[in-house]
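Everything below concerns the one structure shown next.
Labels for the chains are A, B, C, D and E, by order of writing; each one numbers its residues from 1.
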Amino acid sequence: MSEIFQRFGKTLGGIFLALVLLWLAGLVLVPGIYMVNASLTPRLPPALRGGPEDVYVLDNFAYLLNHPNHGWIFFKTIWSSALVTFTTLLLCYPIAYWLAHVARQWQMRLMLVLMLVPYLMNEVLRGLAWYIILAFSGPLNAALMWLGLLDEPQRWYGDGGVVAGMAYAYILFMLFPIYNAICTLDRDQINAARNLGSSTWRIHWRIVLPHAKVGIATGCVFVFMMAAGSYVAPALLGAPGSRWFTQLVYEWFFEIGNWNRGAAYGVALMAMCLTVVLGLLALFRVNLTSAIK
Amino acid sequence: APFIARGSWARASSGELRLAAWAGYISPEMLDAFEKATGIKTTYTPYGTNEEILSMMRVNQGSGFDAIWPALDRVPNYVEDGLIQPIDESRVEWDRCIDSAIKSSETLGAVVDGKRYQVPTDWGTEALTFDTEKLPLEYGSASYADLWQPELAGKVTVRGHSALVGLALWLEREGKLPRPFLDSFKDADAMRANYDVILAEAIARKATIAQFWSNQNEAQGAFRTNGCILGQTWDSTAAGLKDEGLPISYLAPREGALSWMEGISLPLGSENVEQAYAFINWMLTPEAGAMYASHARVNTTAKGADAFLPQEMKTFFQNAYPEDAIDNLWWWPVQENWFVEIRGEYQDKFLSA
Amino acid sequence: MLRRILARLGQVASRLYLLAFAGFLLGPLLILGGAAFNDSNFPTVSPWQGATLKWLQALFHDGEIGDALISSGIIAGGVILVSLPIGIASALVLNSLHGRARGFIYGLMVSPMLIPGIVIGISTLLFWRQIGVNGGYFLTILAQASFISSFVMLMIAAQLQRFDRTMEDAALGLGASRLMVLRRILLPYLRPAILAACCLAFLQSFENYNTTLFVRGTETPLTVFIATKVRTGLTPVINALGLVMMLAALLGAVLWELKRIKTFARA
Amino acid sequence: MPIVEKLDTSGTLPGVSTPAASAVSMQNVEMRFGGTHAVKPLSLDVQQGEFFSILGPSGCGKTTLLRLISGILKPTAGRIFINGNDMAGVPQNMRETAMIFQSLALFPFMTVWENIAFGLEARGIGKKERRRRAQELLDLIALPDHGERLPGELSGGQRQRVAIARALAIQPKVLLLDEPLSALDLKLRQHMRAELRSLQKSTGVTFFYITHDQSEALAMSDRVAVMNAGTLQQVGTPHELYTRPKTQFVAQFVGEANVLSGQVSQIERGTAVLECPEGSFAGCSTPGLRKGDQARLYVRPEAIHIGGGVRDNGLTLTIERYDFEGAFATAHAVLSGSLSRCPVSLTISQQSLSAAPAPGSSFRAGFSAQDAIILPNE
Amino acid sequence: MPIVEKLDTSGTLPGVSTPAASAVSMQNVEMRFGGTHAVKPLSLDVQQGEFFSILGPSGCGKTTLLRLISGILKPTAGRIFINGNDMAGVPQNMRETAMIFQSLALFPFMTVWENIAFGLEARGIGKKERRRRAQELLDLIALPDHGERLPGELSGGQRQRVAIARALAIQPKVLLLDEPLSALDLKLRQHMRAELRSLQKSTGVTFFYITHDQSEALAMSDRVAVMNAGTLQQVGTPHELYTRPKTQFVAQFVGEANVLSGQVSQIERGTAVLECPEGSFAGCSTPGLRKGDQARLYVRPEAIHIGGGVRDNGLTLTIERYDFEGAFATAHAVLSGSLSRCPVSLTISQQSLSAAPAPGSSFRAGFSAQDAIILPNE
């Protein structure tokens, strides 16, 4: 800490520290604690608050555990988010490599511009695009029937649709970290490996992938996070059988009106995300500091 | 800081009416007409479900709007949470409103602990919408049971919680409910006893459902683009589809159409009360009522509006409620907070199954 | 010979893959934009009911969309105003730390990015409601800034890592005060990163839905507006809006690239 | 000349052409990158077992040449032979060359022994055998216990040696080295020079070595090719290049030189006379030099001797300052009586420093025609 | 010794202590970073107008020393005076020093003249006056038309000069230079050496120059302080350091040296005799050397002469190889008849190369006791 004052002087250093404190404590930590606090208290009408019933209980979490379906939805959300993550990873790796080491300048520029466009619009519109495509009487069914691949229209809304829509919505969050990581790979590493007689597969497996590890981990963390925490895509592209955990949280808040239980569900979601993120980082043997750059 | 606590510093109390109403209820022409009649400008924020506006009111502790438009049967929820204020009955032109609506609204939720909290402006129903080509229905034989027939797998749309009520009415007629269904709204034990049976039946028959709707747009989408041919929807939903030229018709089932009334309430934090009353009174004029009814496709409580309604609306009404259907309406009882919460639980179990 | 055929096959396959990927990226956009010209009340391209410009016209006469845009703009502006100082200060603080403290603070500073958006919305709402502040612009800005600050911090910190700290010593050695060092050396050095961070903050704020949904109070920023429309009255006007945003995005992306090429050429 | 032989014993077969096929042979090889003519058509033969260097300034096309041989690049024209086999169409992982990159390009995520054994792994050799051979190479580079470390945990010189071992592991016929020492500091660089040389001798592998550091090239190589702007200027032993440069570029790039410009007035029995504004000077003539040509005379600082003794060329100099460099000092002087200020530098050994004239004073100096060379302007 | 004077004329007042206060005076200054003892207690005086260098290997504390003087760091102990004023508590932006950083630290987004005028801006001088003064300095560094460029648009040498102008703009009493030439390439480095020297002479500002390159220090400085591991080893003129090193470290770090280890058997009139396994050798004695001490004898490669002439010390050597370096060659030999392989290197001038013995052959060589120095082991 003393170094901050040494570097910026008392006044400036003080202002900087105050801003940081304001942010981390005021905007992140305290509200977070508040949410946890709310999740541990029962929902009470205003009249009863502060009364004998206003005590810490685990009811809200117990409800989640005991519910016949919610636990399942919880795990399905994790699983589907992982699926989204994996799909985007598979889709992105070849493109990232191509962009970083194969494409010519203009090809790279064009591709980057093309990719930025959907990203610069908003998530709801990206979801809407898929909402239109996947509609029962939408263009996908029309095209497939025209091609003779389908005899009658299929319903695409549901878990499959949600995964597709999310993969589309978040693909850039996977692509850019991997691309950045691969960009920093010295091309001589590839040359050296080939020079030593290595095949293309081996070059990727032994040289490029290990190098891109940090980028891959970052991309996975981001995409997983976003998928697990997304409300738009499941709301738009879901079907009767495909509810996501975020929808449950939303319902507790805005349909049933039990905020405390909603907070508990939110805490569960956050805990799950952090667990998976830390697990991913451990799996890739990447630490938080080197990821997310 | 009161400045912050107001939640919005962009708009001050300006004499402008801030109105939150159901999506599709208010047309720009209506706002123009209102302004012409009273000189009051209006900003209109649409919402799609009762829950949406209720939770918005909760989040903002009853501020943010000058007038809202909840369903009559949900008014007690707002009162319990202290979100709306009693109506000053002296400022309402009651003689413009249909008497039966004033009367029945008292028991259906508008009056709590002797105080009136809502002025009824319209009513509507939720019944069967069907594709006249693929699935013609006849009054008398048509029933909520039709929604749950296995041969309609993947072709039906319903709303989560009201589907359970429609199903309940059919089950009650079949004698399968342990307690009278209306007791469910008064007593939690009765409710759970009934709803356990209803839920089990619903889950067993869930395969027919292609899509759940929660607002008008979704319900219409089910027919327009999602391949549904039968649904339990609002009358306005069907009317809208029919207007588009789709082969859709609307019919009350033999158990009775689920009927609701709606009206305007004043939130606790209403800042432009004057303008809100002006709006209520304007809505009850025959011209406004007719404008409203033909735009929103619901039935107005304004006296004399019929005269201004277009012919096809009248036809739609007659087709929807033939014979004794109008006497047979099933009015939503008051849904108190405890009921809504348990209802939500069952709906959630139904949706999640 | 076999080797050559295999190599050729590989080339063709990678071309196809590239095309498919580009199609995956652009197809939905084309459909989204194309539906804006379909003369059907509901946005779709199949069946095609004939071309019309009425939805685009309707878009330009739609005052609500204008209001929503303004609302989004106010929020994004506020987010920039809040998250920029915070992000810059955090990056500078982080840049001055070493060893374990640095790792720990860094972890804290990126953690908001690892919290699902709706959780941030919920916690902000619960906390501020408790002390009597309702949803609205203020809470929306705070909630968004709480995680957008992380992005800003990261971008500034990345630029700072390449900063040669001897420049500060040089300036001090030439007699500059600390404030002058900040004003004349650090901030000008960080200018490109600050600009980029502004853009990012704006975009993030503009497209945010999951967090905003909980804290918007009675405001209706653009994403919420679109989502509400999608739920309560979807017409191709939304597609027309999407089309306009798409073109704006394309213009923005092209300008951005051109600027990069220019700075690249100069370096 | 006995001296040449003396110097050459460090290498194997310099200058002497053996009947065996060349290790590397380039015939009219040319390389263009779009508009850039990186390598202009050139031919070159490198003998088996030779330590051959390419010396040239930055950007002259050295790396490009190396990449052409290794197969990373394909020449726009011309043919390349390795051990007599035409390399056209042979991909880089099928050539009998191994390359050591300027950046070393060690694989940072593999341990040292995995790095060394990577080429064997690519050839499908089992792990046990790989380990054994890697250990042999680790012994060879005198890092027997460092197999389990990561490259990041080694010092610069150690990394350097690992890169060599990795390249040697695949038993190449030709080792291509791209400025491998340029990232090291002075002392280490000098140490590694000796190590590279002895390694080359003991393995007998042909080294094709690239550098822009003339002292490196001179000290290590059997033969050196000087390159400039994509063309070969001269190929020869270090001693030849230093004492008998064939072009002005070589004369100036290799070693220090004093330059006098003028017109050739006379050529006789290998000696030419150059008329300069500062006087007329005699030096060795070169092929292609004709009477009347504009030319330059090059003389090394150590070839100018102080004193009025009988030399072919006499100069009157005024000393400006001495730069003390330890073993010797460099005297910076100007030619007296010249119109333009013509700087001349002289090397003065430590021992004779005490007898050297004081700064500011004028004195006579001279150099023999044998030690000077006159080259025509291009 | 006439030689010393000759060399010294390039500087101003070397060795001679003037009555004026020292430009920089350090008294028992010490610096610790946590556990690292970067500068051990040392004292040092730098004269007004002197070109003073600190020479030492990487990490020996040179930069730390400079930062102590400039005020970027505060010493853990000791006092620092600049022009006789105690600097304790004086912040860096109030000192009469200016620093030139290894990285130059030019401000990349300011134009050249803004860079130069930055110090004036900090002093609140108006824009017009700033421009005028910046222009003067631009003229001084011979870049009169480059004021509007950005630093990125200049060459390495030009950037270097701008950094100097920026430092001079605030009219410092002492200019602190931290390896300013190390990022430049060889030719440019040599050119900039001369420029720095003449600038120092013409401005008369005291230069406190840091380098790890011994040839730079020897060639430029009036006096040099050799530093190792945080301590000052020796302070003296370049010639003193080269010919009369006071510690083994200096003998080995400054220039090349051949080393023989043994025990002192005799000391007489400034000459000592060392008994080594390889024989007994005579060399200059040094203060503190006693009979019976373990010591080392240092002799420069150029001090060993081939031939059996009458020298104080005779050696029989076997030549291993010659490294040709252009102006001279280095002969790598071993001492015949020694048990352990004792390497000896000799510098052989170009001219005498032809007479040098062939590799593998043995021959006699010798050096005079005057040219050798015997230093006790520490």
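The criterion applied here is as follows: a residue touches a chain if its C-beta (ideal position, glycine included) is under 8 Å from a C-beta of that chain, and two chains touch if they have at least 3 such contacts.
Here the structure is a predicted model, which is why all the values come from computation and not from measurement.
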| item | value |
| --- | --- |
| Chain hops separating subunit D from subunit C, counting only touching neighbours | 2 |
| Taking each chain's C-alpha mean as its centre, the one farthest from subunit D | B |
| Selected pair, greater C-beta contact count between A-D and A-C | A-C |
| Approximate Å spacing (C-alpha centroids) for the pair subunit B, subunit C | 38 |
| Distance between the centres, which are taken as Cα means, of subunit B and subunit A, whole angstrom | 37 |
| Separation of mean Cα positions, subunit E and subunit D [Å, integer] | 29 |
| Interchain centroid distance [CA atoms averaged], subunit B/subunit D, Å | 91 |
| Sequence positions of subunit E contacting 2 or more other chains | none |
| Of all residues in subunit B, the ones touching two or more other chains | 224-225 |
| Multi-chain contact residues (two or more partners), subunit C | 44, 214, 230-231 |
| Touching chain combinations (by label order) | A-B, A-C, A-D, B-C, C-E, D-E |
| Residues of subunit E touching subunit C in the complex | 67, 70-72, 91-95, 97-99, 101-103, 105, 107-110, 118-119, 121-123, 152, 166-167, 169-170 |
| Residues of subunit C defined as touching subunit B within the complex | 41-42, 44, 67, 74, 125, 129, 132-139, 214, 217-220, 228, 230-234 |
| Complex contact set, residues of subunit C against subunit E | 164, 166-167, 169-177, 180, 184-185, 188-189, 191, 266-267 |
| Touching residues on subunit B, where the partner in the complex is subunit C | 1, 4-10, 18, 20, 23-24, 43, 45-48, 56, 59-61, 63-65, 214-218, 221, 224-225, 244 |
| Complex contact set, residues of subunit B against subunit A | 49, 51-52, 54-55, 58, 80-82, 154, 206, 209-212, 224-227, 337, 340-341, 344-345, 348-349, 351-353 |
